[in-house]
């Protein structure tokens, strides 16, 4: 009974539906690109370069004659993979840190983690991301690390905030009276109850990850050729924007729609999972 | 209040010390050597060695770290390898571009976000709210460098209302300087305004649900009066944090925008120094950015105490 | 002609009915109390009068104030009326004031909204009103902020805000529920004085029949959005027409019958020996020595097996700190707490062997359960303490037995906690405490959040369990009537010390310590059912 | 797209109105933009081409100087005579030449400059050019006698390089930020990251410059470059970075597009010591797998002349050997099979930042992939490229344009980064150095070109073009770039 009603309420939230649909389109395109793309993105066809969108090439061709639609599909794969793994890294390290900080409640561990957090926040994320990829070589993996690092403090802070408010709740005191140690309580009681918040934060960081990856590959430090990436398509298109605007408009739209989709889904999720609003509705 | 400031000042110093250590030893790992970069393809090994000694690159790392930190304490960041000029001078010139740009963008962002956030909160659920929130969703989704490209195409190349970039320098006239910073500031301000508007709205909505709002209404204040006189000031507190965060982001966040508009700002200096392996400049500028972020956070904390009396008395 | 006349008022929110055909009236200078359990719609009635109903609600029927139907007045006109002709005060004083504005500005604002006069003049009138409500200028200057005041003092500011323009009608929605007994008494007296002095009508909303008995001239009893009975206080208490009113009265005055002790001379179970607990105060200056606040100061007492003890005290007296120490959740600075001779806290963490012998039931039925776990998992959590884990079948049978013992069905084990009412949740909490058959159960304000009728059922359940499980329990509460009805011996606590202890009846009938006397005197009392009283019972001040 | 058209219509009207307002009032001032900003302004202590692009012959002058067509003419040295054995050069200097700080320029300055360049601890990037000098003697204030340790046919040519300009001991201390030379322009101001301003030198010894003042502006971003020129923020852009925009400028009456050639042979450098590239058949296969014209069209939008060997086509001694490496994928596959790599192999393709390398690299990677050679592309910064490729020799293939004039001699240096070691070629180079007779030198140069072409040492792609976009009314800009320089001494506004 509990499961079906969740889906029904999910469909009622307009943001979630629109956002979910948009994001799914790009995820589908990314997955489809593993098995099929209208044209092979690695073969160049310089004779047919800079074609406007037409029947044979739905989104036209770029300055090397490659099919832009196929590039968008494969580019989706890069962007989504980099952003997803960066968020994964952020969550994987940030959440345990946040839980540990909350569990130690003001003792030195909490202070230490929070000071560390403030320090990472103090670093200019974009400059450091560029530094990491420039220093250790530009590649998708380095982009993931560069973006992931700055996700860790975000999740640590969000988790700690939510967990701290839970620690004073009575059902936690009851669990302590039942003899469970802080680690078990964190996993059994705290984590499930902050999961909603983390999912919502996850979608937002995911969309920021896509923007960050686009930024990095725009300055040439993201995924390396021949793997296409939206950011680099933008960078290549920059000089031709005056006579071939579709080269810049289409990747730009792809980034905007994906990020918009994810953010709307995040908003929809927040309304769905936030008990206050859910009770008001049901 | 004094103890609160003292405690914060102490943690500020510790963070700075740790930051300088992290910055120096992370950046030192960078492969590539500025001397060989400067001497180019045909340089002989001995010429490069000569230049390295001249630049003081052959000294041990810890020694260089100590010189660097020692110098920094009295404002001398050392001399740039490639430009051969004192870094503090270079940074000062660039600061005159990045600081006004960040301030301009922050003002734009606040001027747009505050009315939008308040309007949306007061018309929660109605058309105005939905449209504005849709616009902020879009604002957050647009990559600011793409937006900059489009603006250059329309306003600089086609309509030619603005120069396509470059910075004439403040001595050419204040308004000319502002004019050349307008497009970059707008493209920097767009995502920030969107975020700030959303925070403003949600913070206001939280406050509207509080008990003291009900007391205000019971006293006879209209819905709008209650919002302006009571909810707004309380809603400012979380908004202040975001503004503090945004300013520190804008200072360094302009690195790509400065590229697109070829502004001689801190961001571009860092970018060029990274590719030229002018490590001492990179370290100094990153250190400066970290220092400004920590100082801004410190200021935001003090502003908190000003806005929220509960903090003032407890410390 | 009555000051306020509500004629068959009905209110619906998002389609589901909240109030059905409510009629009542208030004359100038008269105190009318509206009482009933939670969900009876008493607060919604008040909001309807003030026209501050939540969004999406439709109202029908008439709300006549001085002959003017508020239902039909425009919002602008209502703004002119609110604060001027009708004042309102709310339950939660801690959040009723704007935290970032001084109390002077907030009181003066009511004046400035309705009359345009210079700010200085408004502030001086605010000053007078604050003096009138008992906040003297010397230690309550206008520049103070709400967080610098106690709950009772903040409620006085709220009252000042509501009546500074001498409104004809004052509505008080549970004004003293969140306050301590002694503060509650002073606020109720203040309200009575103001009503008679200003000749205002007072519409008082409260669920506490004892408060109503002592205050109101007339009573309106409501249940699920309908008025079941109205009448002058005395005659209503003498002969209650409606069975619901009778049930309410009986439940409020309920006394559980505790079974006799099986074991005649029980040996000691819980020994609390000169226990003290200190909290570090924030350092005023870097060099000053760390000042400590002594929350529990040299407390000693012993509970024998089978004892049914109570611990009473106002908020801030240190009873919850003592509870935490007994449960081994916090370490103590001096003294020892022994259970069956074993220390509760050894080394720097709780001693699990001892912990196995005691359990706790908390106050908030909604907060004391993890919303994501099913009931079976919630109830069986203490089994974690057993050295050898019970097998699956042992576990399910233990759960079933515990559920049945508290009057629930075994198949409830598969449900989620949000599918139960407040009363049922406390039963699940008790089942959780019983499952490992502890020697001692600590009840920390276990029934404070419940309605009167349900509270009575839970207390009866406790009495039955004493029989079945030969329970020993320590019942902690700020509510004297509850402690009186469920305990045999009681300890009275004031600012960290136990000032009096003894048989519950003897302590309640003739208290020896002045603080206890003051406490018992301040607690509002229910009139004897059926017994004829002449004139209103005056309350010893 | 339609709304784009309407926008253009509106735009042109607005442009008309604003265009009138901004006609450049002072016709004697010129704003020249270029991509790279010089790290500092001392051409004798760094190789960065950007330094010469600003200061060469504008601020500093050498004994000899390059003209627009690449020929070497007298500079500060009015005339000279060479001894029979080609070992001693006696220069007689121009009279009455002053440095910008008023100090006189005489033989002692020449001696100081040359001794400084060839000294042990010198940081001069082209120190090798001066290695041959045995002694520099001041005969009298206007005469200098230089003796070489061995005859060097291109000694006069070397003295024309930017690295051999004459500096004064009095102003050497902060020459990097306040250059003091003898040129037709004096240094005024340098706003780092933005622009350098120079002004006409009133008491110049030679024919004074026509422009009163000039500003060098630095715009590295190709879009910004296009926007700056289109918006007429700058009067000319030397070395325009985005060839794809040239058709638009050519079509616009406000602008002129000058496409010259450079000394930059753009090659697919192959690491001759790294197997399997040490096998000549594999290198030949690579040569046949590459379609030069596709690279020129794709990467440079048609700018650049194909080359078959490492030599500048505009040089009279050039031999067209593109035939040796015509585009023939079938032959490439056959050669690979012969060499034992029927199913191809994988190697690295490390690319420096310029767009010819990044775009060319993607096209070549695709072309090589077609014949079975897989390449892992990694885009490097210049500093990393110098470290890994040039010094570390840790690469399979790379793409770089060698812009030094007459640099075929690098194939005679086995330790050079593509590690080609051919004793016959090294002997040929020695004889070339020794001969001063022009006809003889041409024959030797042609033989050298043929050897490296047939040995398929590298993949010879195209000669880097040098596009300049300028205001239609500017006259006198150099078309070709025989050396990296923007000689403004003869530039003026025609109206």
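Things worth noting here:
The first chain written gets the first letter, and so on, giving A, B, C and D; residue counts start at 1 in each chain.
Everything that follows uses one rule, which is that a residue touches a chain if its C-beta (ideal position, glycine included) is under 8 Å from a C-beta of that chain, and two chains touch if they have at least 3 such contacts.
The model shown is predicted, which means the values in this text are computed figures rather than measured ones.
Averaging C-alpha coordinates per chain and comparing to subunit C, the farthest chain turns out to be D.
Remark: among chain pairs B-D and B-C, B-D carries the greater number of C-beta contacts.
Here the CA centre of subunit B is 39 Å from the CA centre of subunit D. Taking the mean of the C-alpha atoms as each chain's centre, subunit C and subunit D sit 88 Å apart. Per-chain CA centroids place subunit B at a distance of 50 Å from subunit C.
Mean C-alpha positions place subunit A and subunit D at a centre distance of 45 Å. In subunit B, the residues touching two or more other chains are 31, 149, 157, 259, 274-275. Looking at subunit D, residues 221, 223, 226, 230, 381, 384 sit in touch with two or more other chains.
Subunit A has residues 134, 238, 241-242, 245 in contact with two or more other chains. Applying the touch criterion to all chain pairs gives A-B, A-C, A-D, B-C, B-D.
Interface residues of subunit C facing subunit A in the complex, by the touch rule stated above, are 327-329, 350, 352, 355-356, 359-360, 362-364, 367-372, 381-382, 384-385, 416, 432.
Residues of subunit C touching subunit B in their complex: 50, 52, 75-76, 79-84, 87-88, 90, 92, 95-101, 109-110, 113-114, 145, 147-148, 158, 161-162, 282-286. Looking at the complex, you find that subunit D touches subunit A at residues 1, 4, 221-223, 226, 230, 241-242, 244-245, 248, 294, 297-298, 358-359, 361-363, 365-366, 369-370, 377-381, 384.
Chain contact summary for the complex, subunit A toward subunit C: residues 2, 169-171, 173-180, 188-189, 192-193, 275.
Looking at the complex, you find that subunit B touches subunit D at residues 31-34, 36-44, 47, 50-51, 54, 82-85, 90, 93-94, 149, 152, 154, 156-161, 163-167, 169, 259-262, 264, 268-269, 272, 274-277.
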